[in-house]
Amino acid sequence: MSMAFANDGSERADTPILEVHELTIGLPSGGDRSSAVQKVSFSVGRGEIVCLVGESGSGKSVIAQSVMGLLPKSLPVKSGRILLQGEDITHASQARLRELRATRMSMIFQEPMTALNPVMTCGDQIDEVLAEHTSLSASERRAKVRSIISEVLLPDPDRIIASYPHQLSGGQRQRIVIAIALVLDPVLLIADEPTTALDVTTQAQILRLILELQKNHGTGVLFITHDFGVVAEVANRVAVLRLGDLVEIGPRDDVLKRPRHAYTRMLMSAVPKLEVIERAEVPGAPVVLEVAGLDKTYFSKRWLGPDRNVVAATDVSFSIRRGRTLGIVGESGSGKSTVARCIVRLIDPTGGAVLLSGDDIATKSSSALHAVRKRVQIVFQDPYRSLNPRRTVAEAMIEGPMNFGLGRTEALARARNLIELVRMPASSLDRYPHQFSGGQRQRICIARALAMEPELLVADEAVSALDVSVQAQVLTLLADIRERLNLAMLFITHDLRVAAQVCDDVAVMSKGRMVEYGTATQVFTAPRHEYTRALFDAAPGRGFDFGVAA
Amino acid sequence: MATSASPVPAAAPGAAAPDFEALSVESATVVVQPSLWQRVRRNGSVRLGGAVLLLLVAIALAAPWLGTVDPSLFDPASRDLLPGKSGEITTLEGETIEHTFRMGSDSFGRDIYSRVLYGTRVSLLVGLFTAVVAITFGTLLGLMAGYLRWLDGILMRVMDGLMSIPAILIAIALVAMWRGSLLTVVIAIAIPEIPRVTRMVRSLVLTIREEPYVEAAISLGTPTWKIMLRHILPNTVAPLIVQGTFICASGILVEAILSFLGVGLPPDIPTWGNVMAEGRSQFNEFPHNIFFPGIFLAVTVLAVNILGDGLRDTLDPKMAKRV
Amino acid sequence: MSPSSLFKRAAAAFLVGAALTAAAPVFAQQTVLRIVPHSNLAVLDPIWTTAYMSRNHGYMIYDTLFGTDEKGVIKPQMVESWTESPDHRLWTFKLRKGLEFHDGKPVMPEDVIASLQRWGKRDAMGSALFQFVQRMDSPAPDTFRIFLGEACGFMLEALGKPSSSVPFIMPKRVADTDPFKQIEEYVGSGPYIFKADEFKPGDKAVYLKNTKYVPRSEAPSGTTGGKRVYVDRVEWNLALRDTQAQVSALQKGEVDIIEAIGFDHYETIKKDDTLQMPKYATYGLQYMARFNHLNKPFDNPKVREAAIAAFNQDAFLRAQVGVKELYKPCGSMFICGTPYGSTAGSDIQMKSNMKKAQDLLKASGYDGTPIVLMKPTDLAAIQKLPDVGAQLLRQAGFKVDLQAMDWQTLVGRRAKKDPIDKGGWHMFMTSWQAFDVWSPIANPTTDTRGEKSTWFGWATDDKLVTLRNQFMRATDEAEKKKLADQMHARMYEIGTHIILGEYDQPMAARKNISGFFVTNGNIYWNLKKN
Amino acid sequence: MFAFLARRLAATIPVLLVVAVLVFLMLRLTPGDPAAVLAGDAASPEQIAQIREGLGLDKSIPEQFGIWFGRMLHGDLGKSYYYKTEVTTLVGQRLEPTLSLTLITIIVAVLVAVPLGVLAAWRFGGWLDRTLMGFSVMGFSVPVFVLAYLLIWGISLKLGWLPVQGYKRIADGLGPWFIHLLLPAITLSVVYIALIARVTRAAVLETLGEDYIRTARAKGLPESKVLMRHALANAAVPIATVIGIGIALLIGGVVVTESVYAIPGLGRLTVDAVLARDFPTIQGVILFFSVIYVVINLLVDLSYVFFDPRIRY
């Protein structure tokens, strides 16, 4: 079910709802640069969706907050003007800004799980806006709340009104946030990464909802994201930001398909395609990992209350040959990380077999496990918490090998050439983790894993936390290492594009079960299970081919 | 309206990969950040609290040369002199010397100025040792409770039990029984503080255990005791230092209260608590007995608390939010 | 009553109280005398302990056969008349009319006999008296007789003994309680009735006027004369221990009498015209330091002599009391100005100086063992003496280990005869009211029968024992006076203990309280509140 | 809810057991012999030994604990050596003053500290924040008895407003009861206010950083509503927790305050009992304080349900 494309960029309303002229916003002193945003100008017309896109540190969120007047004191607006329907609100009084918020301009945020006040009912949180800005009676307000709830396609409004945020799912909560934002029918909606924290399927529904509401109410939308798939899906016009500068702006197809600025071009090429890169299979490569009927259930014995057992993964079976990469794809809660942790024996599986080169490590006691540790290594998702802040990179690298008898000098030598392998300067060995960026830290983690010369490398969402350009660097690095060391790899991800680019074989998991398993090409081109098909359909910007270098 | 899945064209073999490094927002150069130590030194509260404390330590060390006499020397002739008056004191050898009592004299005729300055020594020592004892035992128990799950239940119940007994009552009971000496007073004050440290260390250990770098260490085959020593302990040092300063402050305060109740250090050892306890019965007539040691006590505890706040804000921003 | 019901009870009290705000207390129109005693009242059995608080409590609710007037003369109280047989071996006493216990029963001779026997088992003077007593009987409902093995010279001084372990008269059923267990019932025949149900240890004790009490006709003096009561109710405030808070409370009129004010407040109260400091004692109190004769070096009299020479009384009095008009040095162990108040042999202390003490110590062969001097930390009246003592001993050349502890620990530890390393001691200091030490028999330090003597320190000297026995048997006043002088000189010679001077413990009261008289103790009858 | 209550009450039993054992051992293992103290000054060693037998102190420690614990189970905490009355009656007599003082102090402290904390958080980093937090640190730094004397001297004597000392039972009229407790409650609450203000400030600061505050501001709500309905409402749980844990600190303070203001409460009783080596009373009172601590913390836990809908038992 592909997305019918609503309207193209050419139709422009008469006066723009939002105009931003030469906006410059300062940074607190001592930062690595003087201002967060320099001389940015753009406008948003009625019924138009403008996407602000850029990597972390590009200033896109700062711009959004400056429009709403929510900037903290440490980020002052140094120069430039912001006009809302012609009215200059750059330095408007707090009272005036409060009048405009939710009535004329609204904002929705990234984290649905924490965007709502946990101790107030959803009904009250919507009602609060009406009470503040209108003089409607309680019953009128209640009716309005019920109508907006049904408008955001939430079932059984009365139950929703009385329920607390923690009783709703992520998607439902985001609908409540949208209801709050649009209940007073503002002319401008600012959406700051509204779907980034949601699963692919939920993300698709929310995007469709936003498009629908925007069409019916003719609201102008300033849409902030770093996901180019989403940009391709919703944007009329696109503005690309790099470290606070507006490098390119224009209609969606011009910017995405025919990028003019070098940075945009680099970004377009960094976005992994949905097409599989096939690699010749080396015949006769030995099976490194054989998993048969793996189960993992969390038992919680409550003394008086009912027992609550959570089945994290059941009956998972697959195998990986030397030099091949198996990707496990699935939404959050599907059990993919549980499988990875069972294999690395960070948690103990409750059933099934895990054969590492024929040696079953599923039921090994902790002492016998020691030898096994050397042969399988893992790289985690969050680079900022994978390295011990109090120890230097060198100490982190040599800790593993020295546990297995290697002398300090040989371990240091191995560390030095591994740091080269991951293309990091030799001087980084005696520095502390807090002196490196996210991408650099992830490379160090990879080097640390390789120092053990493992047979199997497990990457658990290893690139999900990185910016697009950094992600590309790390993926190329991994591909290069895989070739050189003929390494078997297990790659866990929720991003289909990354899976397509990296994996030879793909397994799809949903609610703890493996619903599909086959070669990448076969799964991507002819998915058998309808859940896989739904997954592919929900992937944003699915049919869009981003700017191939001119 | 939805058509079936449209086929995905196979991509042409890898086009020339553009040079990411140059354009990436994350420049390859190493980010220079002020080291922890510089950040701590620059913090206002740390500087203020630290300066006052250094001054007090200087006073404590230089007490004999600051125009003081032997604090236990007394001469009933010059008792209850108001600050600034002068009188005579007989030394142990028996000859009497002229002496101006800058802070007045107590009901024995002892020079309060000398007793307050020498008192700085004991009070600071009490504060320091209390913090050290409480932190060491607390950390030990906290690590065990955090890491050895089977021990956790029992240990935490004992800690809850200890925490439910008011600190002062334990201190009074212990000191009254063991006869006040510096060691017993320190232990008596430290014991009620141990549960708080244990609980903090335990919660820290439980959070750090879940950190990826600890899981990485496990997968690297590092034995448990090494993990505790290398990965868990170093990351609890910052919060422990902060907690230590607050325990030091409360230690000094509790010592004063114990002396006030008559169960503190022996009266002839000059501490602020003893000087105040001695002077309490003449508060209305001669407030200087309580006024001067009270000022010193308040300033010291204030300085230690401010230092603690400063350290907490720099060393452990997360904890800054808690208390 | 389990803790939870306790909790409920308190919560209920809370609510009920809130409703009762209007109900003014019923005894508002009664006159209430609010007294702050010098310490907490814990033990209600005046025979079981020598603590002054229990003795003062006894004077409130019990009556005595004889009493001691302000000059120290023994006068009858419950006794109407008495005769002594020519051979001094039979005493007959006749009780006066109208003596009645609080429970309405008349005082019978059996009650007197049982009370005296219980007193005799615990009190030092009592046990001395009962060495003479063969038996006691009651020939008539208002007379009782005491048969002696041999003549005894201090029968009346013993029955009229004014201070700790006073021979109070209790009903037979109470007096039969084992002397080493505390009595459970508090019924006496004195001027006040003890309200046991309102007694809250550490909080307050309440006494009501005994309307049926028949006082003697004479004027009150010491513990003799008419015990008239002009107030309806007396409340002892046991919670107000902080001396500063006591003075503040008196100044604000929240309490009427403070039994013993800190010397430091003497000036403030003198300047305050709403307050008065009544003179209630001809003789004050005496400080003393007690040697432990068992432990080296104080087993050597020469070393004790050096210590006596070093202890000049003025240093102690100035430090501890500090107010000139409240203290006076006095060389007599039996209190200056009393019948037996001799100063024989006191030159060693009164006319000595530090140089003499240092020479005596060098000559004594003192080997430098540190003197364990015990110092109480929670008794304001005496806690400064050990510090002065330590400084004087150090100046004389002694090594001193000043150990501070609370009074209860000190009391516990001084009872031990163990050597130093097992918790033993060398010296402690205390203070006695005049009446406890003015009589050569009552004074605890005169008993020098070594480890068998009844008081700590355990001095041994046969010569003094014989002198004391002779004094007990002497009936002629002149001979008693001579024997007292010889005992006094002997005590100084062997150094049983060191006296540190006499002082008056000032009492303070609001101006609207009258009827104070010389009691030489803490006695609260004859007081009016207008 | 019942399952939670049963579980929580069951959890308190080991805590109280630990307290009982800890205190029992602490007293028995330390030197100081109650029998000697009780025997009074004229008793001979045989008499002391006799009394020790009477008190059962000659038996082995585990035996003594068995006896004491057996009796404790049905409410008999034994007899006080010193006062010769049942410990339960002794505690009963002194319960009202301490409970009254503690409750008034808690109320005064919470009513003052929470607004201060919120104000300080609202003006984070400003002069108001620094002065309020300065006062709160002062509150920690000044010993309770110095404060007590200052207040007595200033308010009671010089201005003559409040009584210097003493305690009036509720039964004798609510007016005098409250007047007598006001000054001690103010003295005692200073430390407690300092503690609660700091925690309130930290908790509100932490909630002000949450996403739903940004949502609230984006709704155009005035800052006061953002602070009260969103920030403070979510900070209620940590604040309630510190009120619970602070009780132990408060009871410690009660001991000193009762000494200076001559309030015959449990605090004063404990000090006297300790000085008199009155083991049964010390054990009884400390156990009772632990019960108060545990009960109040149980109430605090139950209050969580009221503050935070996510917490369901």
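By letter and in written order, the chains are A, B, C and D; residue numbering begins at 1 in each of them.
Quick note on the criterion: a contact is a pair of C-beta atoms (placed from the backbone, for glycine too) under 8 Å apart; a residue touches a chain by one contact, two chains touch by 3 or more.
Keep in mind the model is a prediction, meaning the values are calculated, not measured.
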item: Comparison of B-D and B-C (more C-beta pairs in contact); value: B-D
item: Centroid-based (C-alpha) most distant chain relative to chain B; value: C
item: Distance between the centres, which are taken as Cα means, of chain C and chain B, whole angstrom; value: 49
item: For chain B paired with chain D, centre-to-centre distance based on mean C-alpha positions, whole Å; value: 23
item: Chain A and chain C, separation of their C-alpha mean positions in angstrom; value: 88
item: Centre-to-centre distance between chain B and chain A (centres being mean Cα positions), rounded to whole Å; value: 43
item: Where chain C touches two or more other chains, by residue; value: 242, 244, 248, 378, 406, 409
item: Residues of chain B touching at least two other chains; value: 176, 179, 262-263, 280, 283-284
item: Where chain A touches two or more other chains, by residue; value: none
item: Touch relationships between chains, expressed as pairs; value: A-B, A-D, B-C, B-D, C-D
item: Footprint of chain C on chain B - complex, ascending; value: 74, 76-77, 79-80, 92-94, 107-109, 176, 179-180, 262-263, 266-268, 280-286
item: Parts of chain C lying in touch with chain D, wherever the complex brings them together; value: 1-3, 6-7, 9-10, 13-14, 16-18, 20-21, 23-25, 40, 42-44, 48-51, 122, 124, 165, 180-182, 200-204, 237-242, 244-245, 248-249, 251-252, 254, 378, 406-409, 411-417, 423, 454-456
item: Of chain D, residues touching chain A in the complex; value: 3, 6-7, 210-212, 214-222, 225, 229-230, 233-234, 236, 307-310
item: Interfacial residue positions of chain B with respect to chain D in the complex; value: 157-158, 160-170, 172-174, 176-179, 249-250, 253, 256-257, 260-263, 276, 280, 283-284, 287, 290, 294, 297-302, 305-306, 309, 320-323
item: Residue numbers on chain B that touch chain A, as the complex places them; value: 1-3, 5-11, 13-18, 20-21, 23-28, 30-33, 211-213, 215-223, 230-231, 234-235, 237
